[in-house]
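Mind having a look at this structure? Questions to follow.
The letters A, B, C and D name the chains in turn, as written, and every chain counts its residues from 1.
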Amino acid sequence: MKAHKIQQAPIPMRNVGPLKISGPVLDEKVSVPLATYETPLWPSVGRGARVSALVEDGIKTTVIDERMTRSILLEADDATAAMLAVESIKSRRDDLQAVVATSSRFAKLIEMNSQIVANLIYLRLEFTTGDASGHNMVTNAADKIIPWLLSEYPQLRYSSISGNYCSDKKATAVNGILGRGKYVVSEILIPRDICERRLKTTPEKVVDLNIKKNLIGTMIAGGLRSANAHYANMLLAFYLATGQDAANIIEGSQGIVHAEVRDGDLYFSCTLPNLIVGSVGNGKGLDFVEENLRALGCKEDREPGANSRRLAAICAATVLCGELSLLAAQTNPGELMEAHIKLER
Amino acid sequence: MKAHKIQQAPIPMRNVGPLKISGPVLDEKVSVPLATYETPLWPSVGRGARVSALVEDGIKTTVIDERMTRSILLEADDATAAMLAVESIKSRRDDLQAVVATSSRFAKLIEMNSQIVANLIYLRLEFTTGDASGHNMVTNAADKIIPWLLSEYPQLRYSSISGNYCSDKKATAVNGILGRGKYVVSEILIPRDICERRLKTTPEKVVDLNIKKNLIGTMIAGGLRSANAHYANMLLAFYLATGQDAANIIEGSQGIVHAEVRDGDLYFSCTLPNLIVGSVGNGKGLDFVEENLRALGCKEDREPGANSRRLAAICAATVLCGELSLLAAQTNPGELMEAHIKLER
Amino acid sequence: MKAHKIQQAPIPMRNVGPLKISGPVLDEKVSVPLATYETPLWPSVGRGARVSALVEDGIKTTVIDERMTRSILLEADDATAAMLAVESIKSRRDDLQAVVATSSRFAKLIEMNSQIVANLIYLRLEFTTGDASGHNMVTNAADKIIPWLLSEYPQLRYSSISGNYCSDKKATAVNGILGRGKYVVSEILIPRDICERRLKTTPEKVVDLNIKKNLIGTMIAGGLRSANAHYANMLLAFYLATGQDAANIIEGSQGIVHAEVRDGDLYFSCTLPNLIVGSVGNGKGLDFVEENLRALGCKEDREPGANSRRLAAICAATVLCGELSLLAAQTNPGELMEAHIKLER
Amino acid sequence: MKAHKIQQAPIPMRNVGPLKISGPVLDEKVSVPLATYETPLWPSVGRGARVSALVEDGIKTTVIDERMTRSILLEADDATAAMLAVESIKSRRDDLQAVVATSSRFAKLIEMNSQIVANLIYLRLEFTTGDASGHNMVTNAADKIIPWLLSEYPQLRYSSISGNYCSDKKATAVNGILGRGKYVVSEILIPRDICERRLKTTPEKVVDLNIKKNLIGTMIAGGLRSANAHYANMLLAFYLATGQDAANIIEGSQGIVHAEVRDGDLYFSCTLPNLIVGSVGNGKGLDFVEENLRALGCKEDREPGANSRRLAAICAATVLCGELSLLAAQTNPGELMEAHIKLER
């Protein structure tokens, strides 16, 4: 069974930066590790990083919310019974919290949302999960909650531990609207002359392209909350380098770039409502991952959640660098291709 | 600048299988390499693989279509001028093909689709790209086409080499409807007794869960063409092990599971309309990648495209194994969590 | 200016039924007025009504939720300021309720949801609005809330009284997930022999078609929470006959049909999460509208909201009749067209 | 059975305008009838109409495409058989055209699109239908095509005459991407001083609001190709006044407003990719409908399709008037509510 032993897929990785980052979560310069087969990503993010270093506040990041979710699927006899059960369950937050506490000392139930379809109940349980991204923690919690519910509400029947209303690793609207992962905004204000010298473009051109490509272009593509150029590239590379469950780039890729000309300068921002990252948990035991997390300052002795919020803020700043750089490049015919060719030689 | 030298992110990888695969593209047993931090994926796919080996035709795979796309963004003076320009451009397929030919000997223009918004033209160029997934090839082609168009149609202006109507690495509907990547279906017919003994469930339970979770659950989550449980996990692991641009799991995750009870047995299928894979190109130079591709039989001397279609078929069969296994597990309360806990010890 | 005087568009209208309806909201037989140019709708709904009359509980209806929404759009200096303002606003529910009270004696603020994009705040205000559908009531409330907020939070700036996160008369996911209008489920259990004799089909065929057409078909169409055949037709006709703002059929059309074979019989249900109806307010002063509402028993002296919940329940039962009838017809090749031709002669 | 006789729902209707319209389809001033319970719509559209009259070219309209669709649903034994059947069917365009010809002298098959899910075939048949909106024409055509296909391809089985991949009266992406109804753009260039005097706003404010509300606001609402404020209101009123199947406002509501400041003036446009209208067919026999169509110049002796394209162009211009007027109003805090209150007195 030689073929089946554990091997390794050594993916090229490089530190890029430093990025200058400010805001409530962190205020310092940080280099970020990016693991990817798409190596032109490194200089692309690097260009954004250099711009950040030239700007007074660098990239401001704000972590607006955090939660991890699991939607369980139960059945009642009919819609009326489903409605009554959901009303009752939602009113017993403390009881549920006690059940959750038996599954983990970090998981806290913060909200419940539900959908009833026919006699089916999709109950979306929302938790904070400390420094973990929380996939296993919420599954563990659901695993305790389900038998408790079935015993308290014998009129309900088990259907699934996950009803896809979570939603994990699928393109949906629910995560953006109700929240899943960290909700982070990164912003930068770039003086016109830096925009022109370093990005070889103008604030007006970047704003115009963002409207026509990211907003209108995505809209006509039938896009779902995905007004950006390539969040996914930066997320993948950051996730692989820091031991994240990289399939969560699917939710992560759903976010919105907003840019404006402000007093002649370029305001540029990336809103990332569904950034699923953790500084502990699955994938984190590996040496290079631990080293990367330490280098990012995300293994410090802080209150639960603070390390992972820091990680999320750095990730959002990284996404901004790559997004800014690509949009700037695409405002100029030819530059992108020239850069591509040069880099790949 | 020591911190910035190229390093490696060694991601755990294991060969899983063999899977028994049949159909027009390949008819043999294949073990598949999966690189992932989420190691419970290996036994999960492995269970599906063992079921495939017990079934007469194993997993049947069909490659229905293949194409790679780039949407350029141009501007006319008004909507009427935009319409007239698009009509003219679409009528000059041969001229465009000649321009494309100067950029690559593999890229062939097969279709053009367009959207006009106000005076803006989003022209989606669709190509076959041999054995490459084709990202660079279509960008190169667009890079030749744009100057040619601007010279032939001086009334048009450049706006962007990519107008997000491609759409690359974003959750949209256009890729599923017009096509991007390989369009593959994998199917299996599992006798009831194998379903019961190996998957510890019944055909009826799997069918029922697929309807309530993958179809209805995704629908109420505001999901976009994503009626599955976790395509993304298998895609990520397969993509990392075979040198693919793994951010394309975003499109790849959009696909549909359909299951039925047929004469008491379980028919189970995965439709993957947007599987972006290649057996040559970016990310393919690395030793372990080449070795994995060779072991999969995807580096043979075949007509252009045949190796990558084989790769796509194997990938679709792998997705089916993981999808089947998880759905079967979720039909039983508790099994998933037990499996998780056992594996992670 | 003779051409500009108010005229009338007399749309054909007929009473259909009676429908047999049960459940917490009403338990009786009701005939429903339907105004439409598509007159084959009458016999189609009529067939469903006749089936309901033969079934023990008729059509059970459950009103799960009710609310009307308006999303105001404000701007802060940056994302951090936006976050802090939103946190503060959400903590002052009582103050806001007092402001709302100055705009209407029926509007009650029940929830607030928000999205922050860059420095933009989309604040979704959710109200109960008595028996009115509530469009004007929530606009009036927003009109009081905005100046109050701008005075309490001078760091915020006005951007719009509606930021499209409401969302009114547009196909979005937010209404289904957060709620807008009445959330109603209608259900029926049809014995196999009635299914065969009256609907000329079998439970299995209806269930199968619902899966393949309403669930999978809509999914591949890139549909948004719209797993049904033609909710919109029944909604339009019911809305026009009862003085509703019929452009709200757009939200209304987003809902899910779920059908199952239960012990050989047909369980059939329509979930309508966004049924926007009122028994008072705009469009209600007209004689025929008042007459229709009275005939439906929706102008009685009840607690605020009860008349409009009754109206919603009747509407949902009507939708079920039309949906059931069309699906049954489409299980048989040819029947639909024959029916069409016969009716239009 | 007195209750069941045909009655009438007399909906308030008024002629608004005239609108000044130019472009390839028509070049003249036209007053438009609007039937609605929401009477503030009349002055709102009227304000846009007055602006159009002051502008050199008025509202330019362009009809880019036209088609009506029906998706039939067939089954094969497996995905390979489905693929082979679809390939064969698509290659026999002339044979299909001949079958279509037996159903109508106006319906012409212009394109076929398909989706294969598992062993299921969703075949989207696209037709031009002369001056009819074409619902019945394409159903009649499908009714002829299905038996022909089942006889030519005995390996296929009937599943449904409509597989929801059409898609009729549901919020989907497919209609925008592949086309359904008339695809129309209306545009206007409003000098700054007219914008300021007549719309009480500035070009910059309208552009800014369109970005933040229609583009970003809809995007975060999980909207589907619906970047507008209230297309649906104008469409409903126009459809009811001209005998259209008004449930098609669901597709119609999916469209995009694009605005720009151009040399200090306001460029404002409405793109309506799915405007389903006809000047003949269902709902057209009624006296007031015929009178309205005649007054709009849509009952002239023209080549088939020309009358309905004219109707579509006028409709798109009407939508622009209402959209422009509302957006302008919402740029000013308070104006909308004041206008509402004043009009409803």
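Following the convention adopted for this analysis, a residue touches a chain if its C-beta (ideal position, glycine included) is under 8 Å from a C-beta of that chain, and two chains touch if they have at least 3 such contacts.
Chains and their UniProt names: A, B, C, D = Hydroxymethylglutaryl-CoA reductase.
This is a predicted model, so every value here is computed, not measured.
A.B. asks: B-C versus A-B: which interface comes out with more C-beta contact pairs?
C.D. replies: Top pair by contacting C-beta pairs is A-B.
A.B. asks: Which chain lies the greatest distance away from chain C when centres are computed from Cα atoms alone?
C.D. replies: B
A.B. asks: Among A-D, C-D or A-C, which pair gives essentially the same interface as B-D, with more than half of the residue-number contact pairs in common?
C.D. replies: A-C
A.B. asks: Using mean CA coordinates as chain centres, what's the chain A-chain B distance in Å?
C.D. replies: 22
A.B. asks: Measuring centre to centre with CA averages, how many angstrom lie between chain A and chain C?
C.D. replies: Centres of chain A and chain C (C-alpha means) sit 34 Å apart.
A.B. asks: Using Cα averages as centroids, what's the distance between chain B and chain C in whole Å?
C.D. replies: About 37 Å separates the centre of chain B from that of chain C.
A.B. asks: Going by the contact rule already set, what residues in chain C reach two or more other chains?
C.D. replies: 115, 117, 120, 173-174, 176-177, 216, 218, 220, 222-225, 256, 258
A.B. asks: Which of the residues in chain A end up touching chain B in this complex?
C.D. replies: Touch list, chain A to chain B: 3-16, 31, 33, 35, 37-38, 71, 73, 115, 117, 120, 122, 136, 139-140, 143, 146-147, 158-174, 177, 209, 212-214, 216-218, 220-226, 228-233, 235-236, 240-241, 243-247, 249-250, 253-254, 282-283, 286, 288-289, 330-331, 333-334, 336-337, 340, 344.
A.B. asks: Could you please specify the touching residues of chain B with respect to chain C in the complex?
C.D. replies: Against chain C, chain B makes touches at 173, 176-177, 211, 215-216, 218-220, 222-225, 227, 256, 258.
A.B. asks: Would you tell me which residues of chain B are touching chain D in their complex?
C.D. replies: 23-24, 60, 62, 64, 78-80, 82-83, 113, 115-120, 173-174, 176-178, 183, 185, 187, 222, 224, 256, 258, 267, 269, 271, 273
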